Amino acid sequence: MEIFQVAGAIVCTHRHEGMEKLPLRLLKNQKGKYMVAVDTIGSRTGNWVYTISGSAARLALPDKSLITDLTIGGVIENWETEESNSAAT
Amino acid sequence: MEIFQVAGAIVCTHRHEGMEKLPLRLLKNQKGKYMVAVDTIGSRTGNWVYTISGSAARLALPDKSLITDLTIGGVIENWETEESNSAAT
Amino acid sequence: MEIFQVAGAIVCTHRHEGMEKLPLRLLKNQKGKYMVAVDTIGSRTGNWVYTISGSAARLALPDKSLITDLTIGGVIENWETEESNSAAT
Amino acid sequence: MEIFQVAGAIVCTHRHEGMEKLPLRLLKNQKGKYMVAVDTIGSRTGNWVYTISGSAARLALPDKSLITDLTIGGVIENWETEESNSAAT
Amino acid sequence: MEIFQVAGAIVCTHRHEGMEKLPLRLLKNQKGKYMVAVDTIGSRTGNWVYTISGSAARLALPDKSLITDLTIGGVIENWETEESNSAAT
């Protein structure tokens, strides 16, 4: 799963059937590249999130018939990278 | 979903069966790389669009037997990236 | 679909069952990276082609049991990127 | 399969159903990019691991209904890259 | 299919069920990045190989229940990139 920061909202027209109801979010990755993802968990601009790609992106939605290749999986509250944490695993 | 700008039309020969009827568009990504996508929503040169890749690209087409790995999902009318928008979510 | 130039032929041994009969071509992408693709449309060295990746690469072959993750979809005869073309869409 | 070093733990909220029970790990790739993966083998911070992506990431889990696009496949104990090893194959 | 050079062997622990019996090889791509692939054709260190990724990587194995996202498809004996070869196609 990739890590992105939510950059804002996105307004689209001409959506395909099955994408009309999807709440889309604009994401920015660690290199500054923008992507669009489906958000069903209510992330906010500025949140760090991880995303689920590929066929799993559809499985993560309550309605499996919706079409997406990138879905926000969760909001990252914090992470721990100290070497000392390895003992706690 | 990735973000591209529609760069123009593309003329191909020797298409596979199941690709003959597909309207193909030339896209350019944020780094200037060109890609080819199926467009069933009528995007125009200069439009910013987001695309659906992988197996979902086929699901986005009315006829699921058509072959594609990249389909235009919608035209991006505008996006909002101000921090102040996060409260509205 | 990605865009490549056909760079030449490729000779392989120890192919998997289901890959023995596949005509393989050496491709070069826009950054000079080499890839290998299945070609069932008879492209020639120097041709610009677009390719189909992922599970769709298998669907593009007449025999769906053949194994590939990259198949040439068509030869690109020419493309038009002028802004004036957008009106014709 | 890609190679990563386990960088630490990650704490998330608003997880999708089917991801609540998944033990997530923060990984760092060879270029310093961070990713999130499911770990069901008990890797520790500092370990080098290889990961399974795409639909295979789900197949690698005991419960196939869990949602992931990246699963740790194994801990890499050591590797041998000497030319002399080729004779032993 | 991507092109790699076989860099050596790799020793792992804590493998998932369904990966225990897989012969894994360490590969190096054209930019020096290391990857891990399943090898069922007996490639040797120093060999240039092409690999099959995604769901096709599993289909390339005799036992389809084995888990992989990258499988060596064949050893590349030589390639021809001269323009003059195009006439022979």
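A few remarks follow.
We just call them A, B, C, D and E in the order they show up, numbering each chain from 1.
As a working rule, a contact is a pair of C-beta atoms (placed from the backbone, for glycine too) under 8 Å apart; a residue touches a chain by one contact, two chains touch by 3 or more.
Bear in mind that the values here come from a model prediction, so they are computed numbers and not experimental data.
For the touching copies chain C and chain E, the fraction of interface residue numbers used by both falls below half; the interface is of the different-residue type.
Chain E is reached from chain A by a rotation of 145°, derived from superposing Cα atoms (nearest 5).
Work out the mean CA point of chain B and of chain D, and you get 31 Å between them. Note on chain placement: the centre of chain D and the centre of chain E lie 19 Å apart, centres being C-alpha means. Across the assembly, chain A contributes residues 42-43, 53-55, 57 that each touch 2 or more other chains.
Annotation: chains form a contact ring; the order from chain C, going to chain E first, is C, E, D, A, B. Residue ranges of chain A in contact with chain B, taken from their complex: 6-16, 18-19, 24, 26, 33-37, 42-46, 53-55, 57-58, 67-70.
Contacts from chain E toward chain C in the complex involve residues 1-3, 30, 40-43, 50, 52-57, 59-60, 62, 71, 73-83, 85-86, 89.
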